[in-house]
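Letters A, B, C and D mark the chains as written, and numbering starts fresh at 1 in each.
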Amino acid sequence: MNDAQIIERVAALLGEKVTDITNPSVRRIYTKAEPQNVSSVLAVLKDSLGFTYLATITGVDLGENFEVIYHLANEYTNLNVRTQIPKADPHLGSVCGVIPGAILYERELQDMFGIVVDNIPDPRRLVLPDDWPEGQYPLRKDWKFQRPEEKIPGGKTS
Amino acid sequence: MKIAAFLPELLRHLFKKPATVDYPFQKLVPPKGFRGTPFLHPELCIVCRACERDCPAEAIEILTVDEAEKKFKMIIHNDRCIHCAQCVDSCPTTPKAMDIDQLFEISAFSRWDLKHEWVFVKAVVKPKAAPAAPPASSATPS
Amino acid sequence: MKFTVPIGPQHPALKEPISLRMTLEGEVIRDADIRLGYNHRGLEKLAEEKTYLQNIYLTERICGICSHSHTSCFVQAAEKLLEVEPPKRGVYLRYLVAELERVHSHLLWLGVAGHEAGFDTFFMYTWRDREVVMDILETISGNRVHYSINTLGGVRRDIDEAQRQHILGSLDILRRRTEYYLHIGANEPTFVGRLAGVGYLSKEQAVALCAVGPTARASDVARDVRKDDPYGMYAEVPFEVSTAQSCDVLGRTVVRVKELMQSYNIIEFLLKNLPDGPVAVRSPRRAKPGEAIGRYEAPRGENIHYLKSNGTDKPERLKVRAPTLGNYAATIEMLKSGFVADIPLIFAAIDPCICCAERTVTLVNGRTGEENIVTMSQLRAQAQERFKSAPMKKDAVWPF
Amino acid sequence: MAILKTLLYLLVYPGFIFIFVYSTFCEWFDRKVFARLQNRMGPTHTGRFGLLQPVADFVKLLAKEDVVPDLADKRLFNMLPVFGLAIVSTAMLLLPVWHFDPLASSSTSFSGDIIILLYILSLPTLIFFLAGWTSTSYFSTIGGSRVLTMLFGYEVPLFLAVLGPAIMAGSWRLAEIAAFFQHKPLLLLPNLLGFAIAIICLQAKLERTPFDIPHAETEIVGGTFTEYSGKKLALFRLMTDVEMVAGSGLLATVFLGGFPGGLWLGLLWFVVKTLFIIFILSLIRALTSRIRIDQVVSFAWRYLAPLAVLQLLIVILLKGFIL
């Protein structure tokens, strides 16, 4: 199966659940879904097209919105399902029911972006240390890291 | 399945010279092109600051000592250096003002001992040498 | 009686900090729990403050063993964004180093497997022969660990004819030695007895848990990015995806040894068909807004970098997923109902590169559920309390 | 004069000083052979050829901080290394190397001393177990339980194997067994199988690869010795060395014809024969990978014990029909 055939199948199977199917380079397909549809889209892709392998979930801070990208792959191509959720009310449905391995990446999203993943089996903190203050989400663009001033102990010995 | 499959090999090595080297007394010579510690040829530097900009570890610092006399000071913080030699690749002069040596025993008792500095007068670019941008370097200023 | 034994964060079997908590019943593992987070460096945030060129060296520092895999993966994505096409010789050299790195990584793993199984002689011999490939890498790149040979638009160093002949000559030694180790590994009864049947992971589980690399391939899942998504010049290179059907640690060993042989063939092919020409082209510093994904088959499995640009010379977002992370879920599955003696072997069999995986993630296995996140001091106090109220001596049951 | 002589025996030769010097030398020999088999250098710099390295390690450990776990039974925890060293040193005294009269029995050589020696040599295992168990650390506890589990595996084959030559010589006295085989060296050959079994069992007793399960470092850190540090660890290490010498001395006496030729020649034989056995032990150590505890027990009972019985049968038949 080449990219064109997969795009055709995806469009046929999912209809208007997915929009903006693009294929900017070989074996890279991007598509867009509404946040509430992501889980069902992934289920269809997994069952019908063999996209069993979820490489990772990426979160991107777009300013007003968060973009969440699910990177899937099968033996022919790499398919990326993106979705956008508003930053003011970041809620996302869990896909752990479809792909159990997604939990790590979803918990990472919760920590790093403050996205609330609904129905996540295990919502504990994942990336950040236990004593990290609430409400600080390092990968958001408005979170700036203040580099501490470098202090080198001692002086010249020779 | 064979019992003691390793035995011949082991016995053969019992009387062979060990493969390891008695390090502080015997040293291996690093190959040509080994990336050691970067240093400056101050007479060649044109203060283009390409190395300062491209250094991924922020280990190179160029300060202005005297603007009128075109006197500059370069500090190489070897305590931060990751020995990638990108500064050598980025250096646009021919021959290169930034260079790298082959030393690998560079530990010191204090991080301050690792900082090297050069105070120098900016070299004048000869018109002939200017267009010789090295082809392999993607890092030449665009 | 069940008791929880902490393996790590500091433990002789672990070369990097990670915490495995094993709930044991005598010598049998009943439950496993992995905790990461001792090595977190905030690299994805830092990458947003560095230029594309500097990020090459940053991604190289993700891992000390597969350093080239991360830079290649990053450079693949960055070159798409910057719209540069590396020249053919550059591509060949880039993946020549990649295959040499795979050889060094798998030989390293063989030694580690020997060490974890208490077979120190095997460890010493494989590492001695690994020096051959380390020396090659040092000669062609200038460093043993961080080769720094990738740059945007190609590679930084060319190899000359003498080096080419040297590598081809060394391949003979490596081939001979690898065959010998395969022979030893398959014939030494104590070693085979330790590896066979240990850490079972069925094909279904491997697929469901998204296992990658040799872990998946040993469970007969032919998942190899070099074949599925032939980046670089891999479409032109003849090679086979090595798989094994035994689904255990022995299978993972066999897969790695087979891959070594495949890598030797690939290296030979690359060197014999090395095209002429430049090794790099000039690359712009700024990228147009866009996004790209780099996929790369690292020695441990698939490596994926997502890169988004915003028109400046710095990326908007860099997402790194290292292969080890993808294998943790499978590890927990493999550890269950094994023996204590198998913990290091099973864990080593995924070839864990903790510092790769930990650049972003701390993981607590979701299955055990009831444990609450507590601060370290609380945890310590709890542990001491528990320890005082139930000292080992009183209610310990004879395990056999 | 007799008191002085006794003191000399106890402290210098064959007492503590000799035991210390010779066992550290044996450790050096073992380490060096192991290293050379692995194409490494081994100890090189402390003393000539690194000969003083084990002594240096011992002294270094003596100088290290000594930590006792809070929950450990302190008295037992502190006494165990001393007991262990005392036990194995006593075992050394029973070897028929030095002061013994071949005809009359004395306090160091008497009928039945082979039983005593085997008994004494099985005590260090119990010391290791107790050391692990009193440490109260998880790793030590697992190590301690592994020590005892292994004991059930190798002890019976070892006893059976050592029994063979004793039956053949018709004596329970080490000196007499050795003398018997010195007169009829050809009779050593039927015992080769027993020798092999005893070597494997000795390897297990000394907890060396492939039987280093109780202190498998990649699995349970230091195993039985996880909580031991400083002086106590130094004594334990010395104890293992002495046990190695005593064990190989026992095998040399029983299977290799003992140490004939009086004081000096006997000493030379002792050194040569024990080093030979230690060399075989090192070779096994380099040759194998660690096996699992269940594999040890099944190996011992499935192969070693039946083979030991077979060896015993051969000896009895030989004795009954040929001799």
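The definition used in the following text is that contacts are C-beta pairs under 8 Å (C-beta built on N, C-alpha and C of every residue); 3 or more make two chains touch, one makes a residue touch a chain.
All values reported here derive from a predicted model rather than from experimental measurement.
Using mean Cα coordinates as chain centres, the one most removed from chain A is D.
Remark: chain A and chain D have CA centroids separated by 61 Å (rounded to whole angstrom). Averaged C-alpha coordinates give centres for chain A and chain C that are 23 Å from one another. Look at where the CA atoms of chain C average out and do the same for chain D: the two points lie 43 Å apart.
Computed from the mean C-alpha positions, the centre of chain B lies at a distance of 55 Å from the centre of chain D. Taken residue by residue, chain C touches two or more other chains at 121-122, 125, 128, 188, whereas all remaining positions touch fewer. For chain A, no residue reaches two or more other chains under the stated contact definition.
Among the residues of chain D, those touching two or more other chains are numbered 37-40, 286-287. Of all possible chain pairs, the ones that touch are A-B, A-C, B-C, B-D, C-D. Chain D makes touch with chain C in their complex at residues 37-40, 71, 133-134, 136-139, 141-142, 145-146, 149, 209-210, 212-213, 216-221, 286-295. Contact residues of chain A toward chain C in the complex are 24-25, 27-28, 30, 52-56, 58, 60-61, 69, 71, 73-78, 80, 99-101, 103-104, 108, 112, 121-122, 124-131, 138-139, 145. Against chain A, the residues of chain C that register as touching in their complex are 37, 40, 42, 44-45, 80, 207-210, 222-223, 227-229, 290-293, 295, 302, 304, 306, 308, 316-317, 319, 321, 325-326, 328-329, 360-364, 366, 369, 373-376. Residues of chain A that touch chain B in their complex: 152-158.
Considering their complex, residues 4, 6-7, 10-11, 13-16, 18-20, 22 of chain B touch chain D.
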